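One structure is given below, represented as structure tokens, and several questions about it will come after.
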Amino acid sequence: MDSGQLKHIVEAALLAYGQPLSVDQLREMFEEYERPDAADMRRALAELARECEGRPVELVEVASGWRLQVRSAFAARLSRLWQERPSRYSRALLETLALIAYRQPITRGEIEDVRGVTVNPNIVRTLTERGWIRVVGHREVPGHPELLGTTREFLDYFGLRSLDELPSLAALKDMDDVGIQLEFTGAPTVQAAAAGLPAANDADAAI
Amino acid sequence: MNDIADSATITDADAPIPPPPQQGEMPFAIVDGEPVTEVPRDLYIPPQALEVFLEAFEGPLDLLLYLIRRQNLDVLDIPIADITRQYMEYIQLMQELDLELAGEYLLMAAMLAEIKSRMLLPRSGEAGQEEEDPRAELVRRLQEYERFKQAAEDIDRLARLDRDLHQAHAELTHRQVVRILPEVALQEMLVAFKDVVQRASMFARLHVRRETLSVRQRMSDVLAQLEGEGLVEFVRLFRPEEGRMGVTVTFAALLELLREGLIDIAQAEPYQPLYARRAARDPDAPQIEDVEITTA
Amino acid sequence: MDSGQLKHIVEAALLAYGQPLSVDQLREMFEEYERPDAADMRRALAELARECEGRPVELVEVASGWRLQVRSAFAARLSRLWQERPSRYSRALLETLALIAYRQPITRGEIEDVRGVTVNPNIVRTLTERGWIRVVGHREVPGHPELLGTTREFLDYFGLRSLDELPSLAALKDMDDVGIQLEFTGAPTVQAAAAGLPAANDADAAI
């Protein structure tokens, strides 16, 4: 077997196996009479490594053997192949966010008082990770509960320059009137809005 | 194969000895290292060996096809008496050995017997009508089965993953998790707030007052903007520089316009930006199907 | 982006993903402003396919997209990398699969009609677990039997782009030719009838 052939077999094996292969594992592919010795195998690996220059994969040696891996320069773009479809936020999350926005600074306990259910810690975490809320202080009561407030990113996301620009509660009165009227017209645009109301008692299980 | 020669085989349907196995026939069992290609007639057959025979057949049609092919006969012209006799010999052997015999084998035996008896009836030439060959149904089934037997072999020969081909795979280290975050419209949050406030029966305690800007005036302004621009992203309808009051009024105006069917709010899919546009003038014009304001 | 770069990204993506990728999936890796159109992507794929000539991998199109695969010439040697032999499938399973592939949608009963034996439930389960078949509906007859069909994974696994690429089914031959001969010669029918009697005795004796 010439070295070109051996190099091809090694490449085929590494790509088919998809995991690191040791020199001995690679040698096991051959019957004893034709088995390349370790030095031959290392030479083939070295040749393959050279051949990979300028290609999107590289040959690296890791603890358990040799591996063909995609160069890290591609990682950012390729990561998009696995991107998750967005899931929608739950009503519980939106209500929590709304209460924090309109009633800040507010403690979890106060949110719970208004909503009537415990605040799922995942909701607070999700909102914090999204950069929309943060701890702005602690209430001076026993337990020193965290006071939550919205961030600048929150304002940016909703295109507001300041909290003053949040639609006032007066809008809610109008919305309420309009909302009730709309419910009876059955226009498709409001079906979703109307459908939201009965779901008010949903648990905080979903985020 | 020559049809005349085939049809002649009917004449010696009672020939006691079937032709010897065809050259190149695959043994379907190895007993004590000896390939077995045919059920030995007068010898003791170890039950395991017969079991192997049986397992080699996928059912009565397969067994029949084997008997026919072994003699290089044409499926279209089966010497029914001969084949029936051979088939019965197998069945009998299986029964003698108390091997579990699928009911389908007995059904086929009955079918063969029936065909054979119908073949015995003289054909009435005077009637002038063409009688169907009693074997027609069997021939159709045998052919149909053989097609798929062949197709199964063809599929098995296709180069397939894991056996002939391997998916090439290389590790991607430093993979990042890319998550697309859900979109939230300001309005969704407002609606959520309204709901939660309503539920908490706090509405009465909230200070509600009429706004000074005219909602009607703003409705006209919005319609004018939509007339000029066609499709406008929802958030662009708001002018933050007008302050809280202005945003509120715009919001109320939009809702009123919606209610009166003067505008449509559309969203290509959930979490995409909302767009507003003038409603189609023709009341029969198709509405945007996926119009939906998500609130939760 | 030049075509060489694009080709590299495509190669990296196919190797990293380890499953077929469609042209659209490949395009989704790019932000809208830089996204290559489908024609560009196909050109890059064609270039990559050409580049693979003389290499141990080849680029093929299967039902769900494009796949880089190790050529079959290496299969025998590579099989030694794995402890387990690749699965062999029984004739019963393959015949059932063939009927589903060629006659879909098809019920178990219809499979049994052709094969002349009951369908072993294990076979249907194995095929379903492999992801090769699925229930595609129910036949509108009493009992509403399940209608079975093949999946895209089935096509992928067997390297097919569509069902059209299945090997063609043998044609059904017409029995009329033989029938006509029987009618007109007259003789064979008589002979058969005459010959039938002793044969019947034989058969009886055998039973």
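Note that the chains are named A, B and C in the order they appear, and that numbering of residues resets to 1 at the start of each chain.
Keep in mind that, in the parts below, contacts are C-beta pairs under 8 Å (C-beta built on N, C-alpha and C of every residue); 3 or more make two chains touch, one makes a residue touch a chain.
This structure is a prediction, so every number in the text was calculated from the model and none was measured.
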Averaging each chain's C-alpha atoms to get its centre, pick out the one most distant from chain B. A
Central chain (distance from its CA mean to the mean of all protein CA atoms): B
Can you work out the whole-Å distance between the CA centroids of chain B and chain C? 12
In angstrom, rounded to a whole number, how far apart do the mean CA points of chain A and chain C lie? 37
For chain A and chain B, what's the span in angstrom between their mean Cα positions? 33
Residues touching two or more other chains, restricted to chain C: which are they? 12, 15-16, 18, 57, 68, 70-71, 74, 78
For chain B, give me the residues that contact two or more of the other chains. 166-172, 175
Residues of chain B touching chain C in their complex? 3-4, 6-8, 10-14, 16, 58-62, 74-77, 81-82, 84-85, 88-89, 91-92, 102, 104, 108, 113, 116-117, 119-123, 125, 130, 133, 135-136, 139-141, 143-156, 158-172, 175
Residues of chain B touching chain A in the complex: 166-184, 186, 188-200, 202, 206-211, 215, 235, 238, 240, 243-245, 247-248, 251-252, 255-256, 258-259, 261, 264-265, 270-271, 287, 291-296
Footprint of chain C on chain A - complex, ascending: 8-9, 11-13, 15-18, 21, 25, 28-30, 55-57, 68, 70-71, 74, 77-78, 80-81
Contact residues on chain A for chain B in the complex? 12, 14-16, 18-19, 57, 67-70, 72, 74-76, 78-80, 82-91, 94-95, 97-99, 101-102, 114-116, 130, 157-161, 164-176, 178-179, 181-182, 185, 187-193, 195-197, 199-200
